[in-house]
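Below, chain A partners chain B and then partners chain C, in two separate complexes.
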Partner chain A sequence: MPASRLLPTPFHGSEEAFHMIAQGAEGVVYRTNFLSSNSSTSPSNDISGNAALKIRYPKPWRHPILDRRLTRQRILAEARVLVKLSRELRAPGDGISGAVPNVLGMSSEEGWLATEWIEGATVKAGIRGWEERQRVLREKAQRGDDVASEAQLEVLRALLRRIGAVVGRLHVCGIVHGDLTTSNMMVRACKPSPMGKAEAVASTSDDDKLEGEIVLLDFGLAQQSIADEDRAVDLYVLERAFGSTHPKVMEGRYSGQSAGAMFDEVLQAYAVATGKAGKITLRKLEDVRMRGRKKSMLG
Partner chain B sequence: MPIAIGLEGSANKLGVGIISHPQRLSTPQFPHDSAYSEDEPKPHGSKYVSPPVEILANLRHTFVTPPGTGFLPKDTAIHHRRWVVRLVKQAMQQAKVKLEDVDCICYTKGPGMGAPLGSVAIAARTLSQLWGKPLIGVNHCVGHIEMGRAITGADNPVVLYVSGGNTQVIAYSAQRYRIFGEALDIAVGNCLDRFARVLNISNDPAPGYNIEQLAKKGKVLLELPYAVKGMDVSFSGILARVEEMAKRLEASQTGSDGPWKDEESGEPITQGDLCFTLQETVYAMLVEITERAMAHVGASQVLIVGGVGCNERLQQMMGKMASERNGSVYATDERYCIDNGIMIAHAGLLAHKMGFRTALQESTFTQRFRTDEVLINWRD
Partner chain C sequence: MDGGCAAPERRDGCQAFGAKLENTLPTVVKSTTVLLYNHSLLLMSTFTIEAVRLPHLQDHPLQVGLFKNVANAQFLRQQLLEGNAEYEYAFLDATVLISRAHVFAACFRAINDQLNNRLKTKNVHSEIVFDLSPNNNIAESFRRFGISDTTKHVVAIKVGGDAAQIRAFLEKNIEGEPAALSDESLRSLGDLARIRKIYRLEAPKKGQAELGLGQGAESFVLGSLALKGS
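What follows is the complex of A and B.
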């Protein structure tokens, strides 16, 4: 990282540890402690902390006035969407469990946004782990094909249905994500027990790793929109990303089904979660797919 | 030594180029190859994989219209018809090649303006029949990309293709140039050209060049819309807004509206400020989507092609972005950035070597021809 990048106030000179998690085109994500008594001042190599801190560093190639304006707008937009969703996404009673990280703090002037740290693995890692387990099982059984057992398939299908339901709920809230991929979704490692107390599930089997609450991340490209076109494009982006990240699942190699049959689990659960409006969106998705790309031909 | 003639006329430039691809020797022959004179970017050592090319002739004639006007398809087609015979003759003389050494006639099949494309397609068909040479229809965008790679030696870059008719962010994957992002409405060059018309900026040598010179005198950054959607961009709203600003500027200068001053410095707003504002805004958008594409595909090289790619401010911004990502930017000068015949000859000859031919009855042209429709079977 260039030396010009100093942490913004109030993190600059802080004694907390900042562990870089990801560096994208938009900004850099660190894990750290934010307004927490469990300070990590003791020298330790453990990556810990209660917060994910996303910093949008100034882009030196952009005019400074323009750069400040854009950083400000984007941090504000992302924070607003997250706050709106953490209120509305988890509706009571219908059994759809999904969430976004809570916003802990932000500064649109300094260009940072701190959100709750989500324990767990990304959906991408979860599905890759599932695929790896199928490979091991297959080798044990000395089978040649990829077809997984019905019980194993049900674990994966249940995950896909929960993804569809959460995306549906997101759209019902009037938000489109703009960048739905399996790396922008987490399966939370702890799930609240009926008593409301968090209980660790690390001790139980690997399949449980696919069973936590789905948490959506990275709303940097999110928009407030209820247009069918935007919703359909959101689903199309997910479908394309899913196909390029998990091609064997997409091609139906584990279930012996036709290509796309597994992803239909996502779409069916989406339809259930969205009702009438969802049916229109799914019809629109057909159009978007037929275009061969995600936008209409305008000249 | 395969030799090709390329004819380009998709917009207001008529280009004729003659290229030769010397047979590949077992030892690399660059940078002594004639394509690399002192003033050109040198290929980057061992990364260089495109075949060395020898440029025998690269002529261009531009249809320049008076300030405040654009080029209409019909008039541009007439211009191309008037000049094509002269340009081909001159190119053949300059190249000093014998007719029997020429392997194929390449022409721009699309995308572009219909009427000018038609004029050049007729010229290409005529030459092909007259001389008994095979025809090769070439995608204009692929021509730009292949020429950029050959000249700069960029091996596998993310390509920003920016011109009067096209705005695309492209990366190569599995024998196609895939479009990761593009303009949703008008191209960036079209936005600049049409803004130049409102301000009556000269079209000679190019409106974009004159905007760049005026922008060097600008200081004040005014507020324009900034329309980036993922890896896509939109310029029509920006054009509408900056056109309004141009009208306000005109009204303030003729005195009917009172002077228009910058709120902070109190200095009057000038044409230069408008050009500066427009450039800073649209180029920031382009660099942003390029950066996103680079992060997405994990590339460190970026190649800028197309007429707008000559802009030094755009190259400078791209350079800063690339160096932050520990990458490098590759750009060419106006000989290869701006539409030219040599790029059509080059891409056509690459396809010719793979056995591609365009039969006479198929030698049509088309205004819409997407970059990813072409099978790039000459790359791994």
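What follows is the complex of A and C.
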């Protein structure tokens, strides 16, 4: 059990396996069992666990009292938003699965939050995989340019539309995320069937992996807000994150379109999901972009 | 337990990716044959008390059982009121419990709060009852989730202790039909109207079909229990 010494009660001394999934500036995410031991195992790596356990460790450079308070607040804020959304952020057709992981347990005092494990990949990994497949295809065909087939592009566009739609629904729920990056969203390894029940995707092509439902993660910076400014900033952060993480996609290198055309898929779906209020947000986004450009010109 | 067999195998079919906890089972700790042979009483019984080890709480095994059509709820409640230490159990009204995950979420929280020395009630068993409630009113939580004189179906939980003794005790002192505690049994006993009222869940509109609580409801309830008091 790695780093078991550092785990807070009751995880300290636990006999369960902890698989470190991510280590960020704010905390560590482990995959482990929670409340039940009957969990699926990832086919790719044999790692199992039905929960994601996020632990925020004390930061030695911060004053201990301030540190405790900040840790408490961040965990609590995230849990509160997730619980609210577990009920409200559900599309009419959603069966067993929601667009955020369910909260299974939390202790803000000890600084941990356990949520349902989402089987699937981050959007970042999903798009990187797509790009890798385009590279392989291009090499096989000995093509000079990057342009992907219309079918391949549609897979990507559909993914972007689902992202736009879920961000729109999030905003309609009165929440802004605060850190919309492609690592903070996942594509469930599950396709909702017409009956509203999720079906396991056993053996599907890699492109199918981009077809699952979008699940939003990491609400540590989320806020309750219906301000156009906050919503527009959320979209701007997402646009910038896409641009820096997946530059070739966003520059239109695969589609032969102009830069911005791909992100427009996100914005159009966002507009559909948000209606009238969304139009104002999208106008505000222009202002926010402008300010962003000025800022970056000033250095 | 029929004829000294280990806990019944009740794993629900195969799990879809992303399937919910609702259908999953904690490790079922098989009771040792040695224990059973030492207690001839148990050999004859058809008991379904289950030993449950919650992940991360391996030092705090639970004994859990469901009893239907309990005839002596009033007596059991009286023992709790009198603080009879022998009866230090969490006795829950099964009709307000949604699923095994619901029950175990409260158990996990109660044990964790005990380990961190911050119980709000007398002991870990009363804390389980309290932790099921969405608010901080202790008396109300006991009224809603604990045993009353008229409670018909009871879930009994003991944290720690000697498994064989607990089994024998429950068999002797609860006058009811022991049944397996499963998501299905809880679903069939559940009083949806009361559960919805307690947790402020949406009810089907007039003319709409009753489709049960749905997944969103359980997610919201588990989340609310985790958030309570903070």
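In this text, the second predicted complex is superposed on the first by the 263 of 299 C-alpha atoms of A that agree within 3 Å, B and C clash if a C-alpha of one lies under 4 Å from a C-alpha of the other, contacts with A are read in each partner's own complex, and residues count from 1 in each chain.
Everything that follows uses one rule, which is that a contact is a pair of C-beta atoms (placed from the backbone, for glycine too) under 8 Å apart; a residue touches a chain by one contact, two chains touch by 3 or more.
Note that the coordinates shown come from a computational prediction; the quantities given were computed from them, not determined experimentally.
In the overlay built on the shared chain, the residue A:S255 is in contact with neither chain B nor chain C. Legend: residue contacts after superposition of the two complexes on their common chain; A:A25 is shown touching chain B, with no touch to chain C.
By the touch criterion defined above, A:T274 lies against neither chain B nor chain C after alignment on the C-alpha atoms of chain A. Which of chain B and chain C touches more residues of chain A is settled by the count: it is C. Looking at the shared chain after the overlay, A:R90 reaches chain C, while chain B stays out of its contact range. With both structures placed on the common chain, the touch criterion links A:E119 to chain C but leaves chain B unconnected. Judged by the touch definition given at the top, the superposed model places A:T182 against neither chain B nor chain C. Within the superposed three-chain model, A:R62 lies in touch with chain B and out of touch with chain C [touch as defined at top].
Judged by the document's definition of touching, no chain A residue lies at the interface with chain B and also at the interface with chain C. By the touch criterion stated above, chain A contacts chain C in their complex at residues 9-11, 14-16, 32-40, 50, 72, 76, 79-80, 82-83, 86-87, 90, 94-98, 102-110, 116, 118-120, 188-190, 198-201.
Chain C contributes residues 11, 15-21, 24-27, 53-58, 100-101, 104-105, 108-109, 111-112, 115-116, 118, 215-216, 219-220, 222-224, 226-227, 230 to its touches with chain A in the complex. Per the touch definition, chain A reaches chain B in the complex via residues 2, 24-26, 59-63, 65-66, 69-70, 178-179, 221, 293, 295, 297-299.
Taken in their complex, chain B has these residues touching chain A: 179, 184-186, 221, 223, 226, 229-230, 232, 280-281, 284, 287-288, 291-292, 294-296, 316-321, 324, 368.
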